[in-house]
Structure formats: structure tokens, C-alpha cells
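Report on the following structure.
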Amino acid sequence: MSGYQTGIIVLLALNTIAAYGVYLPMSAGQLNLGIAGFMAIGAYAAAYLTNACGWPPSAAIGAGGATAAILAFAVAMPMLRTQGIYLSLATFALGQVISAIFLNLDIVGGAAGYPVATHIEASVVVSAATLVVSLVWLMSTTRLTVYFAAVKNDPLVADLLGLNVKALGVAALTVGAGIAGVGGALYAHYFNYIEAQYFGVMLSTYTVLYVLLGGTQSVWGPLVGAAIFTLVPEALRSSSQWRYAIFALFIIVFMALRPQGLLTRGLSRQRTQARAQSGSTNS
Amino acid sequence: MTMLLSIQSLCKTFGGLEVVRDLSFDVPDGTATALIGPNGAGKTTVFNLISGVYPVTSGSIRMCGVDIVDLPSRHRIGRGIARSFQNIRLIPRLSVIDNLLIGQHVKLKRPLDVLRPFRFARDHEWIRAAKAELSAFGLSQYDDEPVGLLPYGVRKRVDLIRATLSSPSLLMLDEPAAGLNASETRELHRHLDILRERGTTLLIIEHDMHFIRSICEQIVVLNFGCKIAEGPFDQVRTDQQVSEAYLGTERAT
Amino acid sequence: MISQQIVNGFMLGGVYVMIAVAFTLAIGVLNFLNFSIPGIFMIAGMVSWAALRGGQHWPIAFGIALAASAAVGVAVYLLTYRPSSDSDPDVPLVSSLGFLVLLENLIILWLGSDQQSFPALIVDFNWRFGSIIIGGAQLLSLVLSLAFVIALSLSLRFTNLGRQVRAIAENRRTATILGVNVGSVVSRLFVLSALFTGIGGILFAISYLQVSSSMGESIGFKGISAMIIGGMGNIWGAVAGGLLIGLVEILSTQFLGADFVNISVYGLLLALLIAKPEGLFGPVAAREKL
Amino acid sequence: MSELILKAESLSACYGRVEALSDVSLQVARGEIVTVVGANGAGKSTLLQSILGAVSPKAGKLTFAGQDITRWPIYRRIEEGLVLVPEGRRILVSMTIEENLLLGAHMRRDKIAVRREIGGIYDRFPNLAQRRNHNASCLSGGEQQMLALGRALLAKPQLLMMDEPSLGLSPLFVQRLFELIQAYNREGLSILLIEQNTANALRIAHRATVLELGRVALEGDAASVAGSTGLQEAYLGGTSREVMEVDHKRKSVGRRS
Amino acid sequence: HDDEELVIGLAMSNTGTFVSVANANEIAVDMAADEINRAGGINGMPIRIVKFDTGGDPKQAVLAVEQFARDKRALAVVGPFSSSEARVAFSAGERLGIVQMSMSSSAPGVAAPFKYAFRNTVDEGLVIEIVLKAMRAKNLIMGKAAIAYATDDAVSKAVGTAVLPEALVKVAVPVSGFVDFPYKAFDMSAQVSRLAQLKPDIVGVGAPPEAMINLAKEMKRQGVDVRLFAGTTVGDPDLPIRFGGAGEGTIIGSPFYSDLNDAVRTFAKSFAKRAEVAKIGRTVPNQTDISSYDIVYLYAEAMKRAGVTGEPSKIAAERTAIRDELRKMKEYPALGGKITFRENGDAIKPIYVLEAKGGRWTLFDQLTAD
């Protein structure tokens, strides 16, 4: 495989992992706009462990994910007092605070960034992404997905049916953060240098875009979305200057024509939407 | 006869407005009780208080002798209280089976079991139970249909089955026959008969008097949040106050 | 000197208020988190700069800029809000973000990514009271926002049009069935919000004598935060939130250093949201009736 | 019979590929009560929605008060006095009861008359008067139904279309509702009514149309329809399961085409 | 016929954040390549430039060097542009064994950990020392200094917190205080109000041009009339115009001065011609354009000295040979002045001290660091 192709596949793998970090909370009704903050935590924690404590990269990457998950778990309870757009903004604020803290944390280089000594091969990143996708897929075959859907669509009824809405919300946020943390840690060890500025709002926003573009109705949506976001700009490389403008136009037109995202659950389900809409407003 | 549910001096105010006032009534085990009254009398509010949607202002709600007013709403289904909703509250995008799975959550023994990928186990007991219940009520053909696509009457029944799948001892139904045509109402009737045979206690809000009369032994009538009458249908029907406030002159029987 | 810093804080807050109010119009009123607003803010600034550079007289330049803002507003309405009638509320968010990216890239292609110097229309547009200096354009934007907010909140509460708008915000289909001319009301609202945002962009350019293709972004996020702090849909909340953020930003620059600006502004936002999940002035969310 | 207020000719409507109405014609004369009956899913609501314009018909022609309104947007039809009390109430729960009523009259300029009429509505529905400045979300099911009716009346309808207005109302109130409908009708309001409570609907209606699987199965004056066997078949005869089976067949036909 | 060409990669930043500063680098590189090929190429072979637009994104910069090294058989790479890109791309280049030379990165020590990484830019510390020496030599009033810098950018922060304080100590000017701001700050009112309290005679700036312009404008608005000085971070031929009447008398150090000599003026003229055709919106070269142009010549010289053939079988050895030749190179006469590489991969070259006067740069002094 050519160097270019390998590079693209790594980018795709990293974007996919991030997308699943957003997808999980989203399936439970949380639009996480602070995913970059959790990626930063995973990246810095893992980098610190390999650099300063001499951990092997695989252990450090796992620990990076765990650190992000633990932080998410710690903040989830107070954060989930908020809902909807307020929750999105709370996650957004958290992401900003996290990246501002890393910007000032001198043991990991502060504004100058943090070089990471150990390099991992492309194959490691790709295997990790495969693992994440398989795990999320496995999860989609458990009851948990149905529970998340219930919490997202009708938290009050979910509560009356005995679901612990808070706990499910915390779980979704935590697992999503863990996945994002692993993504950040992989990023750090593949590119061997991280800086806090990279983990900004725009990274979070784009990651959310991958998921919404791919569609939230299917587990494969985030994968497809990440693939579009990685590959289409590359395909437009020949039109160099115009490529981002063309790509943005593509997103707008695409969403206008297919608002439910690219992947929906088959054609028959497409009608569900129209019906479901009128059903929910009628009743 | 033992009392499954016993409500004493229940009050609820919303911002100074007294919606339920000093209400007391009992639901004996194994019976069907109707809660009727004019629009805005507070019937749905009573359901909401029993299932814990709102905290009570004062009074007690005893389930099998235990006061549950301080029990968080999500634990009440575990005590055997399940309900359907006046406006159907199913998740339109999920299939019928998936909606029914949520209703069985109380049956979960160990919390970690939620992580078992049951879709591989085609005949998981929950799925089996859901399918059995659907076919018992003649709805098996809708197993995998997204709920949003189903006709109103079928959705109402799925909502009902979701509530029964938690094997409740007390099933509260809020206007189950509203919006159903005559034949659908007959089917609903059969459905409820089966549930009664199984020993489920029913508490029903309904405006269809034929329906109430043929199902419920006991009627509780509310007006402005107060109980104005109580007893078997034929006794309540002749009550002066009930006629004036609720049934009207041209009675629906 | 602290008094000068407080004045600085309110002046900066005035900029955020403009954007926060524009966002409130979109989300509080139409239930649509319109990310193209920072883009429109930028378009107004850049277009008026380009027109001035092209030798136009300033009223004409500003007219062109406002026309461009309104046109973008209409385009956003047609391409993001309208097609999304029956889908997730997240969808228009995505395509309005697409608009932000598109606008920025088009402007970069046309005028470059450099920050440009905006000419001073009035040599020294400042008021001095003793040692205190107040920026005239900033003060103007604050006054304008306030006037707009008063007019808007009154009309939303008490006029027919206001009720129609609120009906649309709650449920577009129902509003249609009740005979609300959704297309016309909403497109007027988009134009209004775009014009207001455009005026914000122009006033920004006049106050800070600078425009750039990225001028909308950071202000945009502060504007959203201001709106949220105040409580969504509460227009006065947007004003209070904007001023508060401006003040916190300036004071933390003075006393803690620029490193801490983001930590204190967003930390405050986070703390406020956790303490009061519905924002400072938002209504307390009651449990829904079944 | 007097002049027609509504004339629908050969309406057809689809959801995606599923045809919900095919070739339905219907007429309402001024001052008349017409009722449409049929099983669940027969297309009654779709018919009203098509007449209002909320569902755009695939084919057919609509004439209202002598004007061809087939291509008119909804708001123009409502301005002309073609008003719907929609299925499922569709109350705006974020607004107060009074605001909901005012919204019903949003196209009217005669502010004083509107105020007076709102007062009239409050007299009719005291439950609403009590809570006029509360959010409509707190209303009980029946109260919401009253609000929906009041809101529609404030639009000054010439033809009022009602989709199951008695849903969730107490027996006493159902009785009052039908009296009310007749009263308004006597004042000159034309009415197109859909009811599950068929007996009552047929009792007060002048004429009736029976819909079956999106087609007109029978029409005529109310008394003869009430007595016909066609009604028994279309509306009371089939169990809902059978209806669904037909429904399914129709869907698969739709898919094939 | 790949074998008969010597391939050089260009990791350019034609889209994204840096486009305005970087979009003419391509023109400068093409110019250099054309000139070399017209003069007969190197070792009898023409050079060919392969290009990759990174959009200023570090991940894309890695993609670029991967592609150049593994797919395009490039012998060396011009770029990447920014420090953020350089940091990740240099470490990839080290693994791939291919030389990269950045035309713009100036954060401290970015190339230092790597053997294959170079930067045709001068260390900020040296530049600022030169600027202060020149100011001292011309007897400007320098009683007290204040420092203003951007905190969220590696270069600016290093300049503000380390480089400027040290350099001011060397010329014995006391520092009365610091003000800081974000890289993309538009509102400088708080900072300037603080500067007014500090009452300095000069203000050293570690910031990108935009922030410095905003600072100068706000100083003018608040009536704080103090001379600014800075290193190469604010290098921009148009800065005096962009000040829009503020910032008069600002002094900076730059590796490039457009009015230096005939060679530079000739370069600027043919650059302008090409830029006109390319419609990129400007015609005056900036310091990164000159730097890119010089990098091609530096590579050409190193290839000549190493006698590279471009044969696929020898490519690894030849890439390393280019690196070694660059390291050995002494005072190579490039367009911007004589270039030598230091141990840490950064260039030593002349610095021109410029003063903003009446909307243009004027030469204040010329010195070489050593």
C-alpha cells in the first residue's frame, strides 16, 4: 500500500474512533460538543505515561481512554442536570476549560506542545479502530441500545418503566469519553506530538458533523460519515483552493435532500419517519 | 378482601390550584375499578400521583400496605404498578418488539445482564415473552414493524402490552378505549378479560360507559378533585350528583 | 484604572450581546441553533470592507453589506431551515455549520484569510470622561441591541406576529394547520436576524477597525455562551449574559492573565449551568404532564 | 338544496407510494352538516387534511365558496373560512390558553369582536376561563379538546371541519358538544364532521359519506346511510385485524407500483 | 522517465489558516526550479517539484511527507510551513529518512531533536538581540520596557516569557511588567489599559502580525504613545500599511528586506509577474517566499555536492547524503543573504532591522547574528 493510502486510512481510523465517541452519547440524547476535551485528556495522559513513566504504548493508550472515562464519570452527574442544548453547551464549556488547562500545564509542555517519544505503526491505529467499531456494534446488539433510545426519546416514560435514566446517561457519556480518550491517545502516539490548540471546538464540531452526516439511526452511520469527511476532501484535492467550499456546499445540499443522514434503516423505515412524526404530534 | 392499593386523604395542588382534594379510595386485589369524572376532574392527576410523576402534596398511597409516596417513580413499577398513557407514549422509530423489551426491564435480575448481546440469542426469554403476549392478543404480525407505522388502535394495544409485560399486580389504564371504533373496543375488551383471568387488578379511567359497565365492579367518581360517589355501576349511575356533573340527562346506557 | 477596565468589559460585552441576541432570535424563537450567524457577522464586515476598498461611499458600502447579509439569511432559510421540517432538530444545525464553513471559504477565496484594516470613518470616535475612554461604536452597538431587544421582546409577547412565531417554534406543522403563513413569517425572521447580525458585524468593524474571515468564530461561541447563561429564549437574558461574559473576560485579563480567560469564562458557564440548568433567567423546567 | 360551499372532485392522495385516498368526491352545501364515517385507517383524516391543504392531493379539484382553491396555500383557505379542528387537538403547550385562542384568530383584524368572542368561549367552557393565563400544557385531555374547538371557532369559519372532536370528552360534555354543533349550524355554519361516535354523528348530520379503504363506499342522506348495511360492513363489520390485513395488501400493492 | 529527474516535494499551505502568508510559496519554489532547470539542472538532470497542499493541518503534513517519501521518490521536501505541522512531519520524516526544511516555522527548537529536519528561519532570540542592539546603538529612549505577548502560541509565548526578558537583561533595560492576550485577540482594551498603568518607554511584542496591529490600534485609541518592537513573528511586508496610521516607529528584525540589492529587486519583479498571472491577490514577496526560494537552491547545491543520481536503488543513501551536505554547508550565498545551518537545524543568516515609517518599512540597521 502506498504511503498516501496508509496515511489516509490512519486518518479515517482516527476520525472513526472520534465519531463513535460522539455517537454513543448521542444515541442516548446527548449532543456532546466537548469531545475534543476528552480526546485531549486521553492524548496527554497516554503521552505522559509513555514519556515520563516508560509505559508501553498499548497500556498507555488504554490508560488514556480510562482517564478520559473517569473524568467523564466524575463530571457526568452534575452535568446531566442539564438537558438538550444546555447539555451540549455544558459539554462545550467543559471541552474549552480542559483545553485551556492543558494550554497552561507546563509539565506537558504548555503552549509549546508536547512531543511524544514512542511511535506506533499505522496497523496499530487501524486495529484499534476496528476494535472500537466491533465493540460498538456488539453493544448495539444488547438491550442497552434500546434503553438509550428510550432515554433519548421519552425520558419520563423510560423512568416510569423502571429505567435508571441518570445512570444510563452517565454510562453513555462515560463510555463515549473513553472511546474519545483512546482516539486521542492513538493520535498522540501516531503523530508523536500534541498541542492543546488542536483539541479545540472545531475538532468537536466536525466530529459531531461526521455522525450527523452519516446518520444516527444505524451503528454504521458514524463510520460512513467519517469516511465521507475523510475521503471527499481528498477526492476534491485536484480542485485545491475550492475544495473546502465545494465540500461545505456538498454538506448543505446533502442535508437538504436527505435530512435524516445518509444511512437510515432501510427503505421501509424511511416511511416510519413521516408516520412517526405525525404519530407523535397527533397523539 | 385484601386491598391492593389504598389511597388516603390524597391532596395535590398546582401553584395554588387544588386539583385533588382529600381523596380516599381502595382498590381490592383482583378487581377492576373505574375512575370516572368530568373533564379536568383530576383523574389523570391521580394516576400521575400513584406512578410518581408528581410528588403528592399530602396524603398517603399504600401499595400492599406499604406507603409509597416517597418511593422514586422508577422504583414503583418494581412494586407492581404499571400504567398506560392517555396519549400513547411509545417510541415511534423502534419496532414493536423493541418497545416491548423496555417494558420488561423490571425483570432484569443482574444489572450486568444488559450487556449480553441478546440479538444473537433469537429466543431470549424476553423476546419469547413479548412474542407470546403479542400472539395471545392476536398482534403477532406486527412483531418487527416500527411502531410509528401502525394504526392507532394497534398502537394503543402495544402500549397496553408493554405495561402488562412487567407482570404488574396493578395495571392503570388511562382512557384505553378513546379513539377506538366499536370492533376495536370489543377486542380491547377481550384483551382486558384475559388479563383479569390472570389475576391482574385493573384501575381504569374511561368515558365510555358501556365499556366501564361491562368490565368494572367498582366505580369511583371524581368531580373537582373530590370523590362524589363510589360503588357498583348501577348504584353510581342513579346518583343525582353524578348525573348532573358527568353523565348528563341522556345517559349513555 | 479599574473603572476603565469595567467600561472596557461592558464595551466588549456589547459585541457579544449583539451575537447573543441574534442567536436567541434563532434558537429561542425558532428552536434552531443557527451556526451560520457568525458567518453572516463576518460577511457583513468583510463585504463592507471590500466595498469601501472598492471606492464606495460608506452608506452605500454598508447598504451592500446588509443586502449581502440578508441574502445569506434567505439562503440559509431556504437550504437549511425549510427542508428540515420533519427531521431531528440536529439537522439544521449541521447544515448551518456547513454554511459557516462555506462562507468562510468563499471569503478566503475572494479576499484572502488575512485580517484587514478597516478604515476609521470618524477619526476619533470615542468619548472621554476624565481619564475614562468609551468607544462610540461599541456604545452604539450596545444601545442598538438594547433597543432591538426591547422591541423584540414586546412584540413577541403581545403581537399577533409574536404569537405566530412562537407557534412555529413549538410545532411547525401545527402552526401551518392553524393557518400561519410559516414561509413568510420565518423568512422575514431570518432576514431580520441576518440584518441584525450584519449590523453587528459592521459595528464590530467600526469599533475595532479590523475585519477577517475568521472574525465570527470566536465571537460566535462567546455569543452562544452568553445566550445560554441568560437562559434560552429569554431575550433579556442574552443581554445580561453578553455583558457578564465581556466583564469576566476583561477582569480576568487584568487580574489573572490571558491564560485564564477561557478557563474563567467557560468555567463560569459550566458552573452556572450546573447550578442552574435552565440558565440565569430561564424558566424552571417542570415535569411534563402525562 | 342551496348553494354548495365545498365541492371536492376526484381527490386522490398518497403517503409516499401508499395511496390513502383514491378518487373521492364530496360536497357540502351551505348550512349543512355532513359526516364522514369509516373504519380506522379508512382515510377520513387524510380527506380533511387534503381539503385543508396540509396533505397535497395527487389529483382532484377543490372548490370552496365558488372559487377554485386547489392550488391555494393553507393560510389562504383559512382566511376564506375553511377551518379544521385537527385530530389529536394539537394544542400549543408552550403558550397560555388565552394565547392559543388569540392564535386561532390571528388573521382577523376586528380585535374588539375577537375579544368579545373569546369571552363567549370562556362562558361556554368555564374550565378554560379559570386557567386562561396558565400554560396549555397543564390542561386535561378533555380541556384541550375544548380549547381546540374554541380556537377553531375564533377563526370565523364558514365551513368547520372537525376530526373526532368528542375524543376524550365526558358523556355529559359529548352531549353538550353535539348540541353546540347543531346550534352553530343553525346560525349558518356549515360543518364537515368525522366521529367515532357514529350514532350521534349520523343523528345530527344531514348527509353522510362512508369511506372504505380510501374510496367512497356509500353516500346519501344521514338517515338512509345509518340504516344501510353498507355502513355495517365498512365501519362496524370488519375487525381491526381484517382492516389491517387489507391495509397491508394495499401497502404491498403500493410498493410494487 | 522518472529516473532522469530529481524529485523535490513541496508541502505547501495553499488553503486553511495560513493561506494569505503561504499561498505564494509555490510561486517562489516554481521560480527557483525553473531557473535551475533552465541553467541545465543538477548533475545533468532536471529537478521536478511534486506538491501537496496540507491546508496548515499537521495531520495532512504527515500525509504529505509519507507520500513524498514512499510514493513519489522525492529526495527532499520543501516545507512544511508552520511549527505545528513541522513538529509532527519532522518526526515522520526522521523515520522515513528524508530531509525536510520549513520556510516559516520559528518556534524554539522544533528541528533540534531530529537529524533530517532543517528550518530556513532564524532563532527568535538572536533576532531580538540584534533589534535591541540596533536600538541601543541609535540611542532611542529605553528607560523601561514592557512585554506584550500571545499566550496560546508556542513562538509568541516563548518570545514573551523567555526571549524578550533575557534580551532586555542583556541590554540592561528593566522590565516593568507583562500583558498577555490570546493569539486571535481582537479586543486589546484591557491589555492597553494595563500598559498605560505600567508607563513603559518601549514595548516588546511576541505575537503574530494581526495581534500586533490590534495592539497598536488600541494603543492609539487609548492614547498610549509608546514604541513597539518585535522579532520575525510579525514579519510582513505590508505591516506598516496594515497598521492603518497606528504603530508608527515600530522596529522589527527580519531576514528579508525587499529593497536590499539588485538581485532581490530582480527577484521581486519576476515574482510579481508570476503572482499577477496566478491571481493570488498580492504581488510583493514576503519572508517565507524568499525562504522557500532559497530552500530549493540549498537543496540544489546539496544535491550537486552529493552527486545524487535519483536512481531508485540508491534513494535512501542519497537522501542521507543531502542531509549531510546541508549540515556541512557554510555561508551559502542565497538570495536573502549568506546561510549556514546550526547544530539544531536552524539557519544563521543576516537580519535586517526595519522601522515602520509613513506606511512602509525603512532600513534601520543590518546585522548578522553569530
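We call the chains A, B, C, D and E, going by the order they appear; numbering starts again at 1 in every chain.
Everything that follows uses one rule, which is that a contact is a pair of C-beta atoms (placed from the backbone, for glycine too) under 8 Å apart; a residue touches a chain by one contact, two chains touch by 3 or more.
This structure is a prediction, so every number in the text was calculated from the model and none was measured.
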Between subunit A and subunit E, how many steps is the shortest route if every step has to go to a touching chain? 1
Can you tell me which chain lies farthest from subunit A, using the average of the Cα atoms as each chain's centre? D
As a quick test, compute the distance in whole Å between the mean CA positions of subunit C and subunit E. 37
What's the distance between the Cα centroids of subunit A and subunit B, rounded to whole Å? 41
What is the distance, in whole Å, between the centres of subunit B and subunit C, each centre taken as the mean of its C-alpha atoms? 48
Report, in whole Å, the distance between the mean C-alpha point of subunit A and the mean C-alpha point of subunit C. 28
What residues in subunit B touch two or more of the other chains? 44, 53, 85-87, 89, 152
Provide the list of subunit A residues touching at least two other chains, using ranges where the numbers run on. 103, 156, 241, 244, 271, 273-275, 277, 281, 283
Listed in rising order, subunit C residues that touch 2 or more other chains are 171, 173-174, 259, 262, 287-290
Within their complex, subunit D touches subunit C through residues 52, 54, 73-75, 77-79, 83-84, 86, 90, 92-95, 99, 102-104, 106-107, 137-138, 151, 155
Please output the residues of subunit D touching subunit B within their complex, sorted ascending. 39-41, 127, 131, 138-143, 145-146, 164, 167-176, 196, 235-241, 243-244, 247-248
Quick one: in the complex, what on subunit E touches subunit A? 14-15, 53, 55, 58-59, 62-63, 66-67, 69-71, 84, 87-88, 91-92, 95, 107-108, 113, 151-154, 157-158
List of subunit A residues in touch with subunit B within their complex: 138-139, 141-144, 146-147, 149-150, 153-154, 156-165, 217, 268-269, 271-273, 275-277, 279-280, 283
Going by the contact rule set out above, which residues of subunit C touch subunit E in the complex? 1, 4-5, 8-9, 11-12, 15, 108, 111-120, 124, 126, 133, 135, 208-210, 212, 214-215, 218-219, 249-250, 253-254, 257-259, 261-262
